[in-house]
Amino acid sequence: MSKVYSLSEAIAKFVKDGDLIYAAGFTHLIPFAAGHEIIRQRRRDLILARATPDLIYDQMVAAGCARKVIFSYMGNPGVGSLRIVRAEIEAGNLEWEEYSHFGMISRLQAGATGLPFMPMNPTAAGDLERVNSKYRQVIDPYSGEPVVVVPALKPDVAIVHVQRCDADGNSQIWGIIGEQKEAAFAAEKVIVTTEEIVDENVIRSDPNRTLIPGFIVDAICHVPYCAHPSYTQGYYDRDNAFYLQWDEISKNRESVKNYLDEWVYGVRDRQEYWEKLGEEVHNRLKVTPRLSEVVNYGSY
Amino acid sequence: MAEYTSPELLTINAARLLRDGDVVFVGVGLPNLACNLARRTHAPNLVMIYEAGIIGAQPARLPLSIGDPTLVSGALSVCGMYDIFALYLQRGNVDVGFLGGAQIDRFGNINATVIGEYDHPKVRLPGSGGSMEIAAWANRCYIITPHQKRRFPEKVDFRTSAGFLSHRKEREEAHLRGGGPQAVVTDIGILQPDTNGELILTALHPNKTVEDAKANTGWGLRIASNLEFTEPPTERELTILRDELDPQRIYLKGGE
Amino acid sequence: MSKVYSLSEAIAKFVKDGDLIYAAGFTHLIPFAAGHEIIRQRRRDLILARATPDLIYDQMVAAGCARKVIFSYMGNPGVGSLRIVRAEIEAGNLEWEEYSHFGMISRLQAGATGLPFMPMNPTAAGDLERVNSKYRQVIDPYSGEPVVVVPALKPDVAIVHVQRCDADGNSQIWGIIGEQKEAAFAAEKVIVTTEEIVDENVIRSDPNRTLIPGFIVDAICHVPYCAHPSYTQGYYDRDNAFYLQWDEISKNRESVKNYLDEWVYGVRDRQEYWEKLGEEVHNRLKVTPRLSEVVNYGSY
Amino acid sequence: MAEYTSPELLTINAARLLRDGDVVFVGVGLPNLACNLARRTHAPNLVMIYEAGIIGAQPARLPLSIGDPTLVSGALSVCGMYDIFALYLQRGNVDVGFLGGAQIDRFGNINATVIGEYDHPKVRLPGSGGSMEIAAWANRCYIITPHQKRRFPEKVDFRTSAGFLSHRKEREEAHLRGGGPQAVVTDIGILQPDTNGELILTALHPNKTVEDAKANTGWGLRIASNLEFTEPPTERELTILRDELDPQRIYLKGGE
């Protein structure tokens, strides 16, 4: 049975109200198209987990999809504040649960590896552990010293954007790989969005590049330009101008509403969104090739 | 003497603190510029590591975010986020970390989380990111910040990352592998921890005074007995910064 | 200062009597040349750690280099018993410390990540944990259930064979990557042996392939065919005939002595060893190319 | 009826236990042949995983070791050893594991470590390798072994991997995620755990008798009330095994 779906079919089938979602990607490969589709399908009460909520969660929170965010750095990367999430937290409208980057990624590592928790060396800062009761301690049985632990994070759904995968979902990623692999293995359901669906032989030509095996993937969606305004290494650049623009848009609710109306509710899918962005943006984000050297696996 | 902006002064003084061969865990903005300046002057073998999992970047343009693709193309190595924090930082492979925050207190503890109460924030800040671990595990940490009274309270509202806690002894008893903050570079001068871990003024920049420093610090700032004066930015440093590293003045324009 | 050494210089400089050595490589990339050089330099009282001791440690134990082995599977892979190590253990001449594969690799993972220990889910088998007091338990503070832990393994020296690295030791590996990365990060000193020293630009063309950064490497040794009778993916095949032959050689001490005299003490270095193997072996182990597809990193 | 060797009989019966879509953690030798046979017959979507970190191998020749390079070239994915045990096995992504050992006891516990005392071994065996974790965490485990009294003691000398321990209840109380051994395929028949976790004879191969089984088992072997008889190897199964999978009879020759 094919696991290839349109993105709207995949979101309809696998994302439920109340789910804990992990839309992966550290700066790179953020699946904005999936976030927009979730907004269009008006999911509610989601718990949105990401190391950096980024614009994708700012927009989803603005659209009323979320009841809680789990994060470790709530900023607009390279720009400043993440205004909507911040305002909702300051207003007491949004629950949150907070870690350091290593705490967050250790939670995913535990989830991905099937462990109940991951240990970390102490940092002595103390306050985050005091306000977040999911931080605990165990005693190292060899030294008697305390070690900090965080519990496994097991998202209901991970959404992972990749450069290329085959029709079974065997997925290859390069550039910043962030927590893509860990999110996929930690989650109960995995939606892969991909720039390209390639022949299985492309994948098999370089198995060390495959970070996610097809058999843990539930849905494969062919969504070129899925990551805009984030980027896909080798495919298109980060739209830094939009990250700056969002800083302005998100200053008031009216302009946020207008943005969502025009760019999310107002388009059918990512293809329409991309076309609507227009030539100037397409050209600005174009990337000239810089190819890897090949490696020889040998015929055995 | 050359004219320079406050970010230029900060960057140049931070660069001078770096040593050849240092492995630096670096963010975008001034720390990135400081590392690149050091590489082009006295520290050609400095290795830059980004929390996005990038080692030995050779950016062809000024990176605008911590995950800018220009940091990846041509880098020596790229790894996942768990690995960059675990194999590099926690394992003890990072010599230097750069930190920043809304508040830095008398013992170098930093608040990047919240002004006011945590549960009912007056101002909600971005939070730790990687700084909790950098502050604990990098061998040496440097802080780059404008020198303003509200940024230097006696005690931070929230301790996002550890300086010397309440005293150098308290940090030592916590058995953290890193040495803690070694210097705070401001636009007035340089603060460094004394034997108790208290930040004291150890150097002044050209045309700045002890009174400037005291007036802009939220605790009774003590002055080192051997107070020094930093060398003014050289033409060479300024030229590299302006012509090569940030020609569009994205980070170096004055007025912050 | 260059870190490029001849293998004999590197062993002389970095491997001391009594050291705990981890010669990495799960079946693939086993640095036999380094093992032979350690034998020639007559190191003594070594602690030899590897998941699978393989022939390399059988030979080093036979040559009297070791006082202890740490392992998780003591066999001749695909052939049967590892006769020398087994006989020395049965005779009470050799200390040993034993784990399951996951226990062994978890020890390295802890060492590599700077943690004092790694947790593992219980297996309930019990006996290995009973006889090896380094296995301990901690209580999961979230569920109250026990978790098994093993302590960090931090070898004095890791020896890691790679397909290619640059002159600073930035190393790329493909095919079975086993515990190469973990061994390098866990160890105090790292010796990299490599099939090829390539220009830095080759490495920089594909940074995701670089598993070991140069700045943790202490010595770089250019040693083509270092892994024979093990193999290097894409460079030469595993010499299965020799694995079978060793099963015969290792049946008595006289033939082992003869083997070491002829193939280890009797040759100066790996180059002489490889030439001595002769055309027939060279041809038998030759591999026809099977190249990876390139990926595009993009010029930014 | 076709002639066949004992390894062929074992392999064919093991293959029949596999289901389409199973993710199998597999070693070289008979388990590898069984998986490949199943893929070519009733289980085309079976996924083979090797402890060396290989997923979805497409070997062009018969692999002679667990790390044979032919398993890598053309595989779907290759990962490190920590990941293969953690992300795949411990996480619960493995449906089936194959196990073997010198001794298998009444409750399916296996000894692959030592005959005699651990500290003063009479015969030192290879040890656990991955079997301790496979036995605990794979959803289902299968054991392929010749049926000999010395291989089936009442109780193993050393418990390298867990079957049902002393009773199915004991395994359940240990909260292991895997279901434990589901079948032991021997050259006489098939043993399966009863409700208590005790291995009982549930099937006989052609021309074998209950007495054969009892005489070659080290405990009082009980016989299932609905004892079955396995279908003899078919021509098709034998042809695939002999012509495609092991034409040189490296693993399939008789007389083990």
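When the chains are written out, they are named A, B, C and D in that same order, and each has its own residue count from 1.
The rule is simple: a residue touches a chain if its C-beta (ideal position, glycine included) is under 8 Å from a C-beta of that chain, and two chains touch if they have at least 3 such contacts.
Note that the coordinates shown come from a computational prediction; the quantities given were computed from them, not determined experimentally.
Using the contact threshold fixed earlier, the set of chains in contact with both chain C and chain D is A. When the C-beta pairs in contact are tallied for A-B and for A-D, the bigger tally goes to A-B. Averaging C-alpha coordinates per chain places the centre of chain B 58 Å away from that of chain D.
Per-chain Cα centroids separate chain A from chain B by 28 Å.
Rounded to whole angstrom, the centroid-to-centroid distance between chain A and chain D, based on C-alpha atoms, equals 40 Å. Taking the mean of the C-alpha atoms as each chain's centre, chain A and chain C sit 37 Å apart. Under the contact definition stated at the top, the residues of chain A that touch 2 or more other chains are 114-115, 120-121, 145, 174-175, 177, 181, 205, 208, 233, 237, 287, 290, 297-300. Counting only residues that touch two or more partner chains, chain B has 54, 68-69, 72-74, 78, 86, 90, 137, 177. Against chain A, the residues of chain C that register as touching in their complex are 114-121, 136-143, 145, 147, 149, 151, 163, 172, 174-175, 177, 202, 205-206, 208-209, 233-235, 237, 287-300. Contact residues of chain A toward chain B in the complex are 26-28, 51-52, 71-75, 77-78, 81-82, 86, 89-90, 92, 98-103, 105-106, 108-109, 120-128, 131, 145, 174-182, 231, 233, 237-238, 240, 243, 287, 290.
By the touch criterion stated above, chain B contacts chain A in their complex at residues 28, 51-54, 64-69, 72-74, 78-82, 85-86, 89-90, 109, 113, 118-124, 126-133, 135-137, 158-162, 165, 171, 174-177. If you check the complex, the residues on chain B that touch chain C are 23, 47, 54-56, 58, 60-61, 68-70, 72-78, 86-87, 90-93, 137, 177.
Across the complex, chain C meets chain B through its residues 112-115, 170, 181, 185, 200, 203-204, 207-208, 210-211, 213-216, 297-300.
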